[in-house]
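Below, chain A partners chain B and then partners chain C, in two separate complexes.
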Partner chain A sequence: MKRREFLKKAGATIGVITALPEITCGKGLLTSPVTTNRLRPPGAVPEEIFAGKCIRCGRCVEVCPYRSIRLLDIRSGIFTGTPIIAAEAIPCYLCMKCVLICPTGTLRKISQEQTRMGLAVVNRHRCYTWQGSIICRTCFDVCPYKGRAIILDELRPIVVNDHCTGCGICTHACPVTAEDGSKAINIEPIYAQETVLWK
Partner chain B sequence: MVQTRRDFLKRTAALSAASYLGMILPFNNAGNALAADDTEWHRGSCRLCGTGCRLELGVKNGLPTALRGVPQSRTNMGFLCMKGMLFWKVMNHADRLTTPLYRAKKSDKFKKISWDEAMNIAADKFAGAVKEHGPNSVAYYGSGQALTEETYLFQKIFRGGLQTNNVEGNPRLCMASAVGGYMTSFGADEPIGGYADIEKADCIFIIGSNMAEAHPVVFRRVMRRKLDNPKVTVINADPRISLTSRIADIHLQFNPGTDLAMLNALAYVIIEEKLYNEQFIKDYVTFKKDKEVSIDFEEYKKSLADYTPEKAATIMGGKVTADQIREVARKIATSEGTLSVWTMGLNQRKQGVWANNLVHNLHILTGQLLKEGADSLSLTGQPNACGGVREGGGLCHILPGHRPVEQEAMRNQVEEAWGIPKGRIPAEPGLHTMAMFSAVNEGKIKAMWINCTSPVQSLPNCNKYNIGLAKDDTFIVCTDIFPTLTTELAANLVLPTAFHFEKTGVYGCTERRSQITRKAINPPKGARPEVEIVRDWAALLAKKLNDPIIIQCIKPFAGLESEYALPKAIWEEYTQKMTKGRDNDLSGAPYEVLEGMYDGVQWPAPTTEYAKTGGTVKKFVRGMDPLAEKLKTDDKPYQFYGAAHPDHKLWVWIRPQANPEEIPDADYPFYLSTGRIIDHWHTMSITGRIPELLRANPYAYIEINPKDATRLGIKPGDMVEITSRRGTNIMPAKVYEGPIEGMVFAYWHDQHPDRMINKVTIDAIDPGSKQPEFKICACKIKRVSGPQALKPYVV
Partner chain C sequence: MVKNTLVISQRFLTFHARRLWVLSGAFLVILLGPLANYYFQINWIQGWYQSLGVGKFWFVSPLEGLESILVAKQLYLPALIAMLAPVLLALLLGSVFCSWVCPISFFSEILDGIRRKISGRKWLKDRLLLSRRLLWYALLGELTLTMILGGPVFVFVSPPGLVGRELMTLIFFHTLALEGVILLLVLGMNLVTRRFYCRYFCPLGATLNLLGSRRKLAVRMDHDRCTACGLCDRRCPLGLSPANGMTASLYCWNCGECVDACQSQALSFQWRSASSEDSPSESVPTSSQKPNIPTETAGFWQ
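And now, the complex of A and B:
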């Protein structure tokens, strides 16, 4: 192969790859699927080592009585086969069955209170109650740690990060749905980004 | 926006030049109509609770698009809850009934039929029943959500036309005891004050009401009052710690059914510590042992001897201390203005009227009445239980305008006004709700009209009554907008009706305020407003029974179009002929006046000028209530002109503690109580079809105290079986520091046969008000399995 020909072909290949839909391109294959409202089950180790530790046995999916946990398919690249919870579709009801069954410790055996799948964040520009004269406190009503994780200040919901488990029940119940499918209260997986100390 | 090429180029050039120079050009988006711009807003009332919130329906191209609050309204001040904001979504729901459905046998499938056929069948069946089995073989069962015009017209046809007093409605299940309480204590039905007292109250005593869930918009006013004035004391008395308790300074948690002892103990402290208002008692109060026997203050005092706070605290279960009772009594007696608020916790009880009397007693003894911020205010559950049913003659023992059926003079007034012969309305009150459905069970009712309600789900101990409703002995017509459990199980004929904002009419809320909702959109093709259905049905009945008097009943309404003129004519007749001269005088509030107001008119409102100010804020006060001036018997500032008390006084009653029908025992060791939740309404036929609301509360659960749950090995989410002597439910557990130990709580909206809590509740009734004891019965609970994924269920 001539040098020129090689460069031409290489250039074309790169061009084609970058032109492909996002999911199949390199970014999707290596980027963590954990984002807003896309959460790992309770007790998950940080995302940095999750894909390495999880053996994709699917037991957490089987044991989940609410079918909250789903397996990621081939489009997720190296994360294929790892469990995920879509909070706005079916949230985690914190039954804690998955943490007991995980064979590798990828889901650590923690209690309900210790669960930190993420943190609920109220979008005050979108929330009916924060915006004006509609009295909605659905997130407060459905919160399993009602009065602790979500409190009401003059009827307006406020999340307390000391108690929020990030279960997503509030996100699921929130009556506001934006065009992109997100709600007025969303779960940000802030704990998944913790870094692991390698020793 | 239409733009020519030339325009575009011009603007582009101008914009480029301007941006280059850093200018802002005066272009606007006038051509780009925003989505909201061509929305018309139609004012009306909310139909999903008794608060009486005023709201506006946004209509674009004839379709509903949104609901928003009316800030100028004196009931809600612009605030709405989620139900109120979202109910427009069901207006064009695919499940809406649009053709009459008929089946000869209840085991058959429904067939679609034409309106003509449907009306003929309905008229045939009712006429046949009357001819064969007499007038009392037919019955009407209405609703506190029907418009006043509808209830009034229905009862007119049944009483005047068919000659039966079998006219009832679901308000029997929700506020009959409050009526009994007001009549026996104050001599006239309905509260003296209203919501305006909340902003003036110094102490707010909430008992038997979870207003944070059931009346969120009124609760906001209470909360606002408390936040703006930290000195205001909020006291909540409830066996269950609820959201309402969150703002309470004192929460009294007692065993269900022991509140009569508590209320008596409060009266004991008030008398023991001489906190009563001696002058008020001297001027305005009679003490009563029973209706005929008056007693003196000393004897009343003696009757309370048993209710020392210490004893009461023991009866109440030991969670409340005697000192707390003393403190509450002092607050109630000595505050600048004490406002008591209650709902079903007192009303849905075997001792409902008594419990109501005992709250009134506290207000009468301390004189915490008739002044600013002081009132004894029963919140209504339904939007038109007060206006339509209590005032419009929707119960078996009352005629329109608060007229008791048994009194001949009252019947004659009504007959005269309707232009029908004297003696046409039978003297005997009809069957009250529970008796009516017992009669259905016995096959004594041959034809029944159920309007805008679902008794199959809402009656207590419903298994028992559903047997009769499912039998073919009773021909049942249902008028509704959606299929309900009642249309599925009990109906032979289902008639599709127009929804709120698809017809015109008036709702009367808790605080005696009547508010109009005008038609804003067309009902789905095939659905018709109730008033038109009844009028046309009555015309057919007259023909089949060959009875010109039925024609006389609908004569004033013949030929009127049903969108506006027909309800207007009915309202005119009702207010001008029925309420004029009565205590609920609305003769100054014709449609024109109501339409001109952001909210509505509080009766009595005898003149138009007066009605335009909003009407009477406080009854019985001279200078505030035109009737108090007109009907005064002496020079005192307060005039209790209520017809039920010939001595024109307030009555304080001796009402001892009495147990509910069922108290827990070894077999059924738990109390069961039921209630509402903020996002759902009654039998869920509306709110269950709004995805946002259903998602928040997809199915019922049973609230269990953590201590009981630990003892029984129940974890959150576990499926729990709740069994009483009458029926069984299986639903998930919510382990929650809400109900007192030994009590469980469920909400009653769920339609699923496994989670319909009224299969478990008891049908014991208050002997006075005939209201059933939904709130207390004995049950046992058992864990059946771990958590299960459940599906919401709506018929």
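And now, the complex of A and C:
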């Protein structure tokens, strides 16, 4: 085989391997795994540089006393080995242990109240109280910032953007579970999509 | 004299035996760390050899730290401080991490032992030999790929880190991560050529080799004592030739196997002093005719 031929074939192979997951699963090697109820630990830098900054040492997983944080495996492309929290399974209880031990500053040292893992969003078509079937205020009761992050308006839960930390305790506690596993109150990781200013 | 003490103590415990003890200890750290974290909630030790936290002391692997800085373009002081100790270790002693600490070396030693028992041979053969320069291309390629993808590649496929991650995943989630296949490949290639991956492909090894290019500790050869028996050449796990002064090259990882192998005590660990210019490579007259000697890679470093 000639060199040019070899290089052409090698390039094509690499291209196909890179593009294959994108075509087959709609999820590429560079697609962020952070979606609804799939959150980064507290203080995480935006997704744009998360994969680059995190060195996959797994120390946040080891110190997490609630086993909230898990590691992604090779199927997540370049996000392999990064920490993720499945809010509806085990939410973050904001113990802030992980932010103290992150060696690369991927998890910034912030306080509980500054944490913005996402924003809780009530699905009013699913929520029992909003639908008027029963009066449920589970999310209000479990919220660590109850009365501030979740308030009751005529007994119906409303999320206040300024105070919601996105910890997911409400999602975990919500009694409504849809077929796709989502709840009547879900965490949207809106802060993960922030852009980074290059200084 | 340093040399005399080393030779005397060698009679009680060979460098091979010492290395096995250190390797086992290093492996126990990353095995007991997750166990203590999971079952006893003792967070004193966290992580593995990508970043290890022992109490208030943090260590970050130089290459992983470098990748993180390159991609994120942000400096983080704790990470830089945590990289200091490994970098200093490499500057002083060369890539001793690879031979004395790395869990891949630990498994390779065990595998070599088993292979020796099964085959009944004292010397293990290297069946596939490539150019040693591949190591530098692996480092360059890896850094380039990292910059293109915008995500560090080595940090999630690095075999030393993978051992730690697999152990942690096993203990914490009672399962194994899929990327462990890479480990099997790396260890499997040891059957073809000893330390195949370490010799030709490990970017971390290449980084540490570069850092250790002016290391203070190196194996030195006493030509008056050498009987040219060739035992050291056959023993070297990296396939280097200590008899030809290759212990002074960038590739030597100071494991001390050749010192053990030498029957006439011609080889010994010595500190290179900064003042005297008698580095081992310069004391070898034939070194300029042999391949893979430091002069060849000196250009790369400068």
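Assume the second predicted complex is superposed on the first by the 171 of 199 C-alpha atoms of A that agree within 3 Å, B and C clash if a C-alpha of one lies under 4 Å from a C-alpha of the other, contacts with A are read in each partner's own complex, and residues count from 1 in each chain.
Keep in mind that, in the parts below, a contact is a pair of C-beta atoms (placed from the backbone, for glycine too) under 8 Å apart; a residue touches a chain by one contact, two chains touch by 3 or more.
All values reported here derive from a predicted model rather than from experimental measurement.
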Touched partner set for A:81, first chain B, second chain C, both or neither: second
More chain A residues in contact [chain B versus chain C]: C
Chain B versus chain C as contact partner of A:105, first or second or both or neither: second
Partner chain in contact with A:67 - chain B first, chain C second, else both or neither: both
First, second, both or neither for A:144, with chain B first and chain C second: first
Which superposed partner A:57 touches (first chain B, second chain C, both, neither): second
Partner chain in contact with A:46 - chain B first, chain C second, else both or neither: neither
Chain C-contacting residues of chain A that also contact chain B: 65, 67
Chain C to chain A touching residues, read off their complex: 33-34, 37-38, 41, 43, 46-48, 50-53, 58, 60-61, 64-65, 67-68, 70-74, 76, 78-79, 82, 149-153, 155-157, 161, 164-165, 168-169, 172-173, 177-179
Residue ranges of chain B touching chain A (in the complex, touch as defined): 68-69, 71, 78-82, 85-86, 216-217, 220, 223, 227, 243, 246, 677-679, 692-693, 695-697, 716-717, 786-789
Residues on chain A engaged by chain B in the complex (per definition of touch): 65-67, 93-95, 128, 133-138, 141-142, 144, 147, 152, 154-155, 172-173, 175
For the chain A and chain C complex, residues of the former touching the latter: 30, 45, 49, 51-59, 61-63, 65, 67, 70-71, 73-75, 78-81, 97, 101, 103-105, 198
